[in-house]
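We call the chains A, B, C and D, going by the order they appear; numbering starts again at 1 in every chain.
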């Protein structure tokens, strides 16, 4: 029979005048199943514990201070699983009025624990998970690229899945970055090519994640690689094919403002620098095939499915922007000169459709430009209710770019609250804007009208003065807020992670686990979990990489206790599914299954099962009911 | 044995006297039906009671009783408390006969059941004959009623002129002696009425069910019979038939520990339960419901008779009436008897 | 117009003849009243009866015939039980042919030693609002008028439940007759003596009945199978009804009336008053 | 004469259990007849266990849990809240005072609240008197 030992700690003899240890020892010795009762001094000292010569098979009840202090001592010294901790210091000695009460309470609590510990089975053989030390980063924007590079630099293989033909994301489309007005692609370009060169990074462009199985340390990810119709192994990016291609298409990279051939490379700094064919426009004339000296083009290319086995996943897919058509009062898409800030970035960029000259659509130079802030953010109904973070700084940057190109230009910014909180935003952006004579008007304009000469008239009420006004300008730039796409929700569903009420990916905990999701081993970085700027996205990319690396550094993962379903008992009624707030229990055919990587171990399922077919550690009725009986049995 | 009589109005006096000297248990109405319990007020007793819904076996074989305690540092203590003498008044002859079968099974050396004996040895069983048997009753089949059973110390029979009292055992005679002033010898007129009553009631019951008991021994061979399969479909495996039965005596034990001792309890079990014959190895000689149902009838109608020379059924009709699924032992009797 | 019983027999016969079902579960006459019967031959259909003694819910028998196509005769409450069982993934709707019979209430059972005179409608039928199964393949209308329902009595008057529990024998008839007690290991049967011991300690009857009530809460369709099987006549349905009321008040959920309505998770939304 | 003192079982979740520790640490005294059962989360407490505790002789049962608003969308203690409400309805029906089962919102740093709430509850339970289910279930009236 397994022995049951009770260890009573006097806490450096300080508890001797609070608890009558002799009485406790006598009472406990009378109990069935108790083989040994020891009163010792200082169980927190490892030498004291070692002297007790406890055996791994023993059931041990430790009556001492809070288990938060002692658990570690016992776990590190002994491989004993059946240890029950009873807090006789904080909960008895220190909380009771007198010695008699404290002793009685000690006896009662211990009687309960004795009853409980004998109901705990033999130590379970804890099978640790082996980790696949390879990571998947979904999304090749700045967050994803930064993350992939950091993981790769630590020596682990990274798969970088990007839905577009090239890495780069939004940052690659920007002209300059705020607040320093550095050239955007000049900063990102080197990072991209470093990523392309890195031996540990496998870039998978034109691809999307379809489904994920498995759990932390061992995910199986199914990726669909869409056809590029050009073999990337053979293509050397010479561009001969594009030269002969007779068809033009709008370039997505240039926000559809500049034409490009149907076989194209999105931009000069693209990584990988390979050509692809847009089948929506290709007429399959075959000219490119003739031109290609390396026979890289295959018009019959089919989508391929790829299964990746990775230990961790970082989601850095970014976010969409608000669709300004939803605000009819601004007439976007109807009035040519109402443009979005992304379109503005391409127009003002030297490599853009106008070669960097700000022109109206009718070709006249734009002399008066207005920015309208918070389009699709900070309002209920359309868009998102929160601040989109980047747009005040972005519009101020863009305003200054206009003045850099044309000192005579007049720029107006319609704002609600100007938020210039980042490093250098106040001095390098806002102050300089004021110095440059950019006009800030506190207003959310009610309408944009068009005059006969094609000029735009902004109708607004200045909320500082209360005066209504109309302002005639050449171009209106709408500063769009973030808006998570439906695609993001689909991806989240495939990954098993949750999205918040705005549609962004939800963190495991907003404060202390900001980059972890509800699925262990899946992390999030960048704008897909809320509005951010480039800096924050890069920070999060690096931070997520650090989490992945620390996961990979460990030998194996100690999973927290999760619920388990006893299949021979389970009837499949599904009450546990109904109860689980984490969505960690699913119906899998006839069976019910716990997704261990999602389970948080709260036990709502355990108590919902009428026949205790769900178990979680030693917290079932089988253990707790005897514990209560023991406590009350006097 | 000798026949006595007691006047109707003296019955209450007798009961009051009895309750002063003994623990008097008698049926009285509670929540709409009659149940045995300690009779504190003799006025609660109604001569025209119908038989109790639950059998009186629980006074000798409680549903759960302590067998022993074991203290870690002291050893065993057997829990045989001396019981004060119990008088079970107003038991029906069928239930009294069931007690005699139980005596046969449980008090036969060498397998004497000390716990049963302890409760049974001082008990006095006084029956009151059924003059209006219920529709479920078939005690005539096993000759366990309706007027006289086999386990009583005294048999009271209600006639128009009072009660005819038959002393059946020495214990019974002693009771008559104890309360001599209330009893007198039965006169001829009363005995005539008594004998007529016996005939009438037996005739009435005999017309309901006639069984050739000698053939019942053969049921065992019919175990695979469709009859049991059909009834097994119906059976919901509650243990009501066994719990209500006045002589189902199967028990099980349960050991556990309490505050300062290990304890063993024993209590009623039922062969209808799928766990009854299930062994730790997983082997179960009676896997199907039909097996178990057949076993129940075989045991009562063929095995107990072969071993103890008495039938395991006394025809009280409780299982017939209470079974939620309408399984009826009378069908078995008709089919094989 | 033919009586429900005749219609029932005709339907059962044709179902069996057409081999639309393997088996019809219904009621037949027995010496002591009415009992469940299982009919697989067309000519046996004549045994079927329908009267106010057909009280035991037949739904609990369905789990014994998972592999077969079963025709089952259901009252309103039994139909509700089927609805709940489908929601709990215990029943294949496609292999069950539901013969709904309009129910006008059933009689309280006459048990050993109680008077047979003056048959009374069962108490739970007095409260019943669903007399026809909400889910059905065939409906048989009743030709008799509803049993007289005395105006609900005793409702305000609380019962002494503890003394009712005290009478309990723990024979498990309530559990065994219940359509919803399909657990492989009943937690209150005492296999693992954590909540209640195998041998009944009278004080544990409190835990036994309260646990059962908690397990029935929001599921019980108040068919009265437990109550009518109980040898000591504990009005369990009334207890479970009280908890169903809680579910109705908090979540607007009534078990068994709507197949589309998922059972509510036992959670209070933020701001809701417990 | 032995003065009757109510026995109270308190199921404490991980967080509130460290709140209870804090109460002792800060020197708050509260009645010794409150016995704590530590569980990972209040949602794991099967209502049957509460019933069992009453049956075994507890005069009242407390469940201490994290207040739901502290958490975000996910709050298993809301399950506890609903269960306690259901259980109180049940107890009320069978004639046991519903105030014998309560939920207390205690987080890790609310030891003081625990001590004062528990003291108040003990007083209230003293007013209710002993539950004595064993007596009610076994002895005849």
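Quick notes on this structure:
By our rule, contacts are C-beta pairs under 8 Å (C-beta built on N, C-alpha and C of every residue); 3 or more make two chains touch, one makes a residue touch a chain.
Predicted, not measured: the structure shown is a model, and the values here were computed from it.
Taking the CA centroid of subunit C as reference, the farthest chain centroid is that of A. Averaged C-alpha coordinates give centres for subunit A and subunit D that are 39 Å from one another. The centroid of the Cα atoms in subunit B and the matching centroid in subunit C are 32 Å apart. The mean-CA centres of subunit A and subunit B are about 73 angstrom from one another, to the nearest whole unit.
Centres computed as Cα averages put subunit A at a distance of 50 Å from subunit C.
Across the assembly, subunit A contributes residues 579, 581, 621, 625, 633 that each touch 2 or more other chains.
Among all residues of subunit C, those that touch two or more other chains are 187, 195, 265-267. Annotation for subunit D: residues 47-48, 52, 75, 79, 83 touch two or more other chains. The touch graph of these protein chains has some other shape, matching none of line, ring, star or complete. Contacting chain pairs in the structure are A-B, A-C, A-D, B-C, C-D. Residues of subunit D touching subunit C in their complex: 47-48, 51-52, 54-55, 68-69, 75, 78-79, 81-87, 89-91, 93-95, 103, 133-134, 136-138, 141. Those residues of subunit B that touch subunit C in the shared complex are 31-34, 50-54, 63-64, 134-136, 230, 233-234, 236-240, 243-244, 252, 254, 256, 265-268, 275, 317-318, 320-322, 324-328, 330-331. Listing the residues of subunit C that touch subunit B in their complex gives 30-38, 56, 60-61, 64, 110-114, 116, 167, 169, 171-173, 175-177, 191, 193, 197-201, 225, 228-229, 231-233.
Every residue of subunit A that touches subunit B in the complex is listed here, in rising order: 30-33, 111, 633-634. Interface of subunit A with subunit D (complex): residues 66, 68, 87, 89-97, 101-102, 104-105, 108-109, 112, 500, 510, 561, 579, 581-582, 601-604, 606-607, 616-617, 619, 621, 624-625, 627-629, 631-633.
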